[in-house]
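Quick one: the structure is below, questions incoming.
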């Protein structure tokens, strides 16, 4: 019944490793069957080499285990909070990829310096506030989700499928687990490019809004003309 | 009739991936049969893993499809503008390779700091102006081509087979698709070396014109004495 | 009798190479059988390609050879000093990995800028003083061990399983050789992330103590809830 | 008669590629049979994939071809000048490896910031002056050799088996071609470590002379105690 979802989530977790975004078990991808209200997610602390599709854990949107012998990722409450708050999401990905994490640790948003960025993220990639001591000592992972949701007031999560959690690292998402991973790959590239751009020119400005519109809309939305399909997304 | 051209363009697109210059579908190579006025180019948004020589699209110099079931790269109008304006070109390559893109995003030309650069590019690698809002909202890809051509007033495209499009990334070219890719590989190396050179010594100057002449002419032109062939290019 | 220990130490030395932390023979891992007072360590200057489990050298805690035809690593006296002074250690690893060595050469502790760091190291990774001329000219490798021990006054080596030896490079450790290598891998990641964090934001502060506590204790100690096992280390 | 020398030089050239130090044909290694006064060197512009041991060219110390159908490396006169001037050399290597080239382009010697450096290079790695216009327009490659020799006034080439040619890149050497390549690998590591050390701490000083002596002499000379052999070098 959930075999396809589990397979998708398994494939997406492996793709994370194939793209060089994870060391040891420092990453997790989930996928949501929104009709049934069931999320599939990587089990906690299981190495990618040992992982099988059967190991993927199923939980409902309140975090109760639906199926699976293993404990779900410790970041499960963060994923659930995002699925509950952002209706269009079908996949979420969390990594500690090097350059995206540098920006998260530096507590700086990633400015949009070029079309690579504009093709995927509609504006600067936002960084959250730091959690307060009270939020850290409470339900920490769920509060991380709430922190992200708060940061997205006024932002469309499907036009900005990435966030940097301050002092921590990136979360990305999409219509499905595969898109979440794709956005994680793009974010890491964009993070490295922005890092180098500032090293070459400390005062570099973001691109024009017109260029951002052009590139983002060339790939997304009704007028998209990139690729082979009539519509994307 | 165009099988050889399509194969060359296919091979050159794959070489781009083998040299680590592309992520997903972020790159394209074209080749021109100038006698017939037909350009072969990668289809838009097709992954390198799925690409076959048959997928390569043929268009004439006005952009009309000559053969092929797929849509050509969305950058096709840029390629065509360059072929129309620069008579010696037989291949063009576009990537978002990391270090070249950093320089393009920083809107800085790459100074000639050493002989690696001088062996391939006869002077600093130029960066274009940024497109205006009007140029962005018009025929964007064709305007990108015109922007490059404008930047090359007074420059010989065969002695400077690379350009950085501001806020975007590099285009490189050559006598054929393979040379275009070779220049993309060299540009990425040169871009990283220049990046590091400035990090070590912020005030570093370009090399002497005499050294630039010596190295460039050692590999190019009638007096070339590098390699096994009597003449190169 | 020591076959298992030798195999563990052999495996850990190979893992060092597989994780890309060593060039040529620039690294060594040891393991201790504390009941028998016997340490197994890589032989000096033997390439990883030629190394076999039989080559692993056994020495007692005073450095006398117990078994083995080859000379033990020249860093043996450093390892022994650490085992004698830090009771909980069962494995030690030394590398010249790139980013950790940069921090050691810069004589700067690695600040805790994020949760990747906090998951593994309970505070900033300390850097030793430089050795004095007298210490260098005396029993150099043993003095390196004493230098580390001196630096750990007031620190728990099991909560801070890494140190940067000034002008030299990192040592890491753990309950066994595999944990020592794991900490070497993590240290290299954390060192690169911190390097980049400061490049993006020169004035970046360390994370809150509350966040450090939360992450470190999520993975370590009695209340750990990361991974599949009831208790972790 | 020269088969063994040619094989050694062939192996060393391939090792250069295996260590990731060369792109395309940007590197060459030579070896000298000093008794016979014959140098074996890579042919000019031949790709590493096509190279065979038979392709290695033999020239005498005045540069006359002794055997081989191909043209020798265009850097041949530089190699010959070094062999003629530095009696202990049996192998020479030239690359455009990334970090060593950055330092050469920045015209800065690589300070000795740590023991990785001190284990192989007895002091800062020197950088030459820039060639004058007259030297560039004359016998350029031979003048490059003379420039290096001039820089080594007062230096022992066997204790400092590397140099940075200003605006160009590194040359390394050793008792044989394999040592020359080994030193090229080490130089690249040391160059990257020094780059990062200054990024973390701009004012970092070189290590103490006592530490340099200790590490260099631990691996080299009569009192060496690193590795398995009684004496090294």
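Order of writing sets the chain letters: A, B, C and D. Residues in each chain are counted from 1.
Here is the rule we use: a residue touches a chain if its C-beta (ideal position, glycine included) is under 8 Å from a C-beta of that chain, and two chains touch if they have at least 3 such contacts.
This one's a predicted model, so the numbers in the text were calculated from it and none came from an experiment.
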Copies chain A and chain B touch via same or different residues, half shared test: different
Among the chains, which has its CA centre at the largest distance from chain C's? B
CA centroids of chain B and chain D: separation to the nearest Å works out as 33
In angstrom, rounded to a whole number, how far apart do the mean CA points of chain B and chain C lie? 46
Of all the residues in chain C, which ones touch at least 2 other chains? 198-199
Which two-chain combinations qualify as touching? A-B, A-C, B-D, C-D
In the complex, chain B residues that touch chain D: 113-116, 182, 185-186, 189, 192-194, 196-201, 204, 207-208, 210-211, 214, 218, 225-228
Touch list for chain D against partner chain B, complex: 23-24, 26, 43-46, 70-71, 74, 96, 98-99, 101-108, 130-131, 133, 136-137, 140, 167-169, 195, 198-199
